[in-house]
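Have a look at the structure that comes next, please.
The letters A, B and C name the chains in turn, as written, and every chain counts its residues from 1.
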Amino acid sequence: MIFIQKEIKLKSRSKGIYLITSEILSEIPEIKDIRSGLVNIFLKHTSASLSLNENASADVRTDMENFLDKLVPNENYFLHNYEGKDDMPAHIKTSLLGNSLTIPVTDGKLNIGTWQGIYLCEHRIHPHRRDVVVTIIGTD
Amino acid sequence: MIFIQKEIKLKSRSKGIYLITSEILSEIPEIKDIRSGLVNIFLKHTSASLSLNENASADVRTDMENFLDKLVPNENYFLHNYEGKDDMPAHIKTSLLGNSLTIPVTDGKLNIGTWQGIYLCEHRIHPHRRDVVVTIIGTD
Amino acid sequence: MIFIQKEIKLKSRSKGIYLITSEILSEIPEIKDIRSGLVNIFLKHTSASLSLNENASADVRTDMENFLDKLVPNENYFLHNYEGKDDMPAHIKTSLLGNSLTIPVTDGKLNIGTWQGIYLCEHRIHPHRRDVVVTIIGTD
């Protein structure tokens, strides 16, 4: 049984939805030695999310962000607005999308679908640098 | 430590919410030998979801589907509509519900609540056959 | 490899969002011996959720609950209302937020962000006592 855990600092990004599959994979070359396993990718924040979705069309990421903004608008009715109008909406979007992914690894690669990619959803307007803990467990 | 991983092809289904606990369990008879463990069930798609919810009343599945359709209507305002009006709404519903479950296994069975069942939420109108990776880790 | 699994009964709570990090940790003193691992926290119910979110401001929990109530109102249009008007909305909120968390453990502690805490989101009006399965896997 192989067990690997490491912390990664993602690039700083302002509000938006970003495909980060390559950025994550470049930090965990060890998965090439895993024949069969799982990788958990955990974001240590409450104002950004991880999600798996379509990896080809940038329009999907734009539509997703617009939908979330419409669903959770930066209105004035929130009690919690210490860091601005985007503060509480960012927390809500985080709980709706989640901040952790558990993905199978097979023959040294993420065993995801052809169209699946890892999204970082940055919900705050101003750029933030986000920390991720990656944990890999599996057999060689 | 026991480690098992396999890919399953689910039955083809058109839009709707389906209880697939039995279909999944019939493909992993190996869990009867796991005394204590975890099973990860991972859907390799961006237009369908997995969720755990009420396993007795078909009305819950109907209400859930109607709610999701009302929350993410097949409107014209999406940029991404390459495969039709249900294309982008399917991606959004997938990110809201998620496409992966991690469930405890105890004494050879899924250790879920009395009322919990595994839902496949097919968000596309036309039938699709969906692939799932099941990974089991535990002790005997 | 260390593998621990146990069931926990949470305190009875009526509708609301509660920070339960300490209540969970008090039941799993074993994690202090895990150098590197994962903990899965699984709620065995379909009318309550687990989520990770902001651990300092009670306003966040109030805003989150109010948002969810607005998103999924206790209307009359649901077919499934056997246990009251809050029955079906509770199921929908459960699928939107999820009922399971997988969190890294490092050097004997949950490796979560400074502002992250474990939320129990009780969606039913009347108090319920909720069961959780905690599974820990890791190295010493």
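Criterion: a contact is a pair of C-beta atoms (placed from the backbone, for glycine too) under 8 Å apart; a residue touches a chain by one contact, two chains touch by 3 or more.
Quick caveat, the model's predicted, so the values are computed rather than measured.
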Checklist entry - Just how much do you need to spin chain A so its Cα atoms sit on those of chain B, in degrees to the nearest 5? => result 120
Next on the checklist: Quick check on chain B against chain C: do more than half of the interface residue numbers occur in both copies, making it same, or fewer, making it different?
Outcome noted: different
Checklist entry - Cα centroid separation between chain B and chain C, in whole Å? => result 20
Checklist entry - What residues in chain C touch two or more of the other chains? => result 1, 71, 96, 98, 102, 137
Next on the checklist: Quick check on the complex: what are the chain A residues that touch chain B?
Outcome noted: 1, 36-38, 51-54, 57, 59-60, 62-64, 67, 71, 96-98, 101-104, 106, 111-113, 115-116, 119, 137-139
Checklist entry - What does chain B use to touch chain A in their complex? => result 1, 3, 5, 7, 40, 42, 44-46, 71-72, 78-80, 82, 88, 91-92, 94-96, 98-100, 102, 131, 133, 135, 137
